[in-house]
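Several structures are given next for inspection.
Shared between the two complexes below is chain A, which pairs with chain B and chain C, respectively.
Let's turn to the complex of A and B:
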């Protein structure tokens, strides 16, 4: 029998497992950065609302930078900046840091919009009922404002989930990077990209539909 | 302070090249936006007024564009279509990818815009003797334009930021060019820092220009 040498091998069930693991990594980095970023973002949003011109001069421009520079540039920049200040971060940690700040920058605006949506009369009413500032924030602003901007927040979260694909430039093997690796080996780009795309779609589509239906129901 | 010597001279030497690449970025983003607006308008009208396979196709386009990562879409046009023997140049990959994405997002904005213009406006103009074409171009679309003006501006900014993904498919627009020079000189941080500034300036110019244009367009 003549030995045949091939650089390419077909798509095997094992590769599906590889893709599945990568999909979990995509989920993990997204969930981590979205949850930390949201907490930070709400805090920044509160500062933007309460800080007036002081915040407009300090926090707002900084957050604005993260919204005006492509995420991919931010990632490369931070990944190469960290060692300069003596931090040795792996691609995952760098990815989480930048995605978190990016999420926070987007959520800050959403959160400020939420606080503004509540309106002064409502808050004065809460205060005149004897609520403290924090009680007012917790029991009046959070439920009403949160409801007003929840669909917008879902949009931001889904956007970050999709943008987490960019962490692949740092070498973190998430779903899209994994599919690229498989494509190089199997030379079946259409099949593999379809699987990767289907995963993102299956995650994003139901959630965005749910948010849209919530928005419609709450609007009534 | 830092255990690192910053070398800005090579970057400054290549600054003209980077600025030229920035023009390419702008060019591809503007082209994608123009195509995206035309296609997005078509998709929105199809989804609003038609039934059958065409509507289904338009819905597929919009949902796929909105629920998968932009990078996935670029890869799809880059490698996925290769499975059918269709090999696009890097420029075309970025242009088609961006157009696909922008058209999907804009279609949704346009649909919201059309729904915000009351039906009675159309009926009133028709009963004044206007043809359907006249009614649309003179009554409905100007009103829609006013509603979607802000989202279009946002999308333009997104298109510029998204074009940076060209770096990953071998297109030498601003990011790709930066990476090219950075990997030649290993001054990665310096190059990408300058590029980040260029992107920031481009975005600010777009926002400023759109505000000026809006104050002229929507004076009354």
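Let's turn to the complex of A and C:
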């Protein structure tokens, strides 16, 4: 009798659940990419710092490419060309691979900045106490440099979480893709995008709060 | 004892140390003076292996600092160093600053390391500041913290590179006082300094460096009263 009503107000509590699940997938793909990408990025940052011209000729340009080519192009290219070299990855795995490399490329510069922030005099003081190169790196450079660039790293992490929405172009149903599906069905873009936005906010707000409290504790 | 023989140091093509011969005996306090750029800091860095050398040798208690097989990290435990900039580890309390190296380098237990640290901090007059972060310490206190940090490794020698130059004038005294105390306790010290009063009163010998050459070395009375070298006399006339 009233087909229009069922068509336009199709948003049900179930759909909220659907969005919630999608938000968890956003969280999962982000956490995975950011953690692995950060470890790799710190390693690359160290290479950039120590490698001098050798690194400037090899690692640096590769990282530059991943940093400057738009993520959506990287995703589509990788997803479509990986099978040619025998890599059959599903959208999720492809997304993780590209987001991880992208994170690593961004974190590498942050990490190099962190090492530079510590400075030669501080490191000489550490070495003069008998610390080895690795002890200096672990007990002096990591905590001091890490704190110096922590805000920049949080920025990268939050950015990657938002950018993970682009994995939707491969068909992975994360938060943005889920919203599009619901919008097509319910024709309620305003409502659904608001809810999706709220989910993104709910994912990143605790992170920025926690980061801010950490920074405050370190500042004393 | 520290034995330096025909030491040459270059930075690229810049010849910074031009054949230094110098012996420092156990228990001796040597002050090193000279104009900016004369190679005083570089000499200290060559002694504890923070800078490589191009010719000659440095031996500490018979161990060649720059030989390939030398365990430099082990050797540096014998050579405490205090820098112009105090370089406190900002993320650690005073106690943790001092306890870190005994713990990770010497493998002391946490309790032992903290014990040593507390003792050394009391020694330099910071017994009240154990749990304070460096940002809450004055420059003079941070420099004394740096001295305690070096002493906690129980070194045989202490190298001071203008330990008071970066301090506000009113804070210089407390650091010199600490250095004087170490000298009285019999510590072997090489002090690069611009504090002529300290060099005269505390040191057994004073070395004057001029453009990478050790122009003159002798007891304070000789250097300050009866300098043989024209350059020494000129330098002293200008700083006084």
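As a working rule, the second predicted complex is superposed on the first by the 195 of 220 C-alpha atoms of A that agree within 3 Å, B and C clash if a C-alpha of one lies under 4 Å from a C-alpha of the other, contacts with A are read in each partner's own complex, and residues count from 1 in each chain.
Assume a contact is a pair of C-beta atoms (placed from the backbone, for glycine too) under 8 Å apart; a residue touches a chain by one contact, two chains touch by 3 or more.
Values in this document were obtained by computation on a predicted structure and should not be read as measured data.
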Touched partner set for A:205, first chain B, second chain C, both or neither
first
Partner touching more residues of chain A, chain B vs chain C, is chain B
In the overlay, answer first, second, both or neither for which of chain B and chain C A:196 touches.
first
With the two structures laid over each other on chain A, which partner does A:89 touch: chain B (first), chain C (second), both, or neither?
neither
Which superposed partner A:132 touches (first chain B, second chain C, both, neither):
second
Have a look at where A:140 lands relative to chain B and chain C in the superposition and call it first, second, both or neither.
second
Could you look at A:36 and tell me whether it touches chain B, chain C, both or neither (first, second, both, neither)?
neither
On the A-aligned overlay, A:69 touches which partner chain: chain B = first, chain C = second, or both, or neither?
first
Common interface positions of chain A, toward chain B and toward chain C:
none
Going by the contact rule set out above, which residues of chain C touch chain A in the complex?
45, 48, 50, 73-74, 76-77, 79-81, 83, 85, 87, 89-91, 100-101, 104-106, 133, 135, 146, 149-150, 153
The chain A residues in contact with chain B across the complex are 65, 68-74, 76-77, 80-81, 83-86, 158, 162-163, 165-166, 168-169, 176, 179-180, 183, 188-190, 193-194, 196-197, 200-201, 204-205, 208
Taking the complex as given, what residues does chain A use to touch chain C?
121-122, 124-132, 135, 139-140, 143-144, 147, 218, 220
Where on chain B is chain A touching in the complex?
2-4, 63-64, 66-72, 75-76, 79-80, 82-84, 157, 161-162, 164-165, 167-168, 175, 178-179, 188-189, 192-193, 195-196, 199-200, 203-204
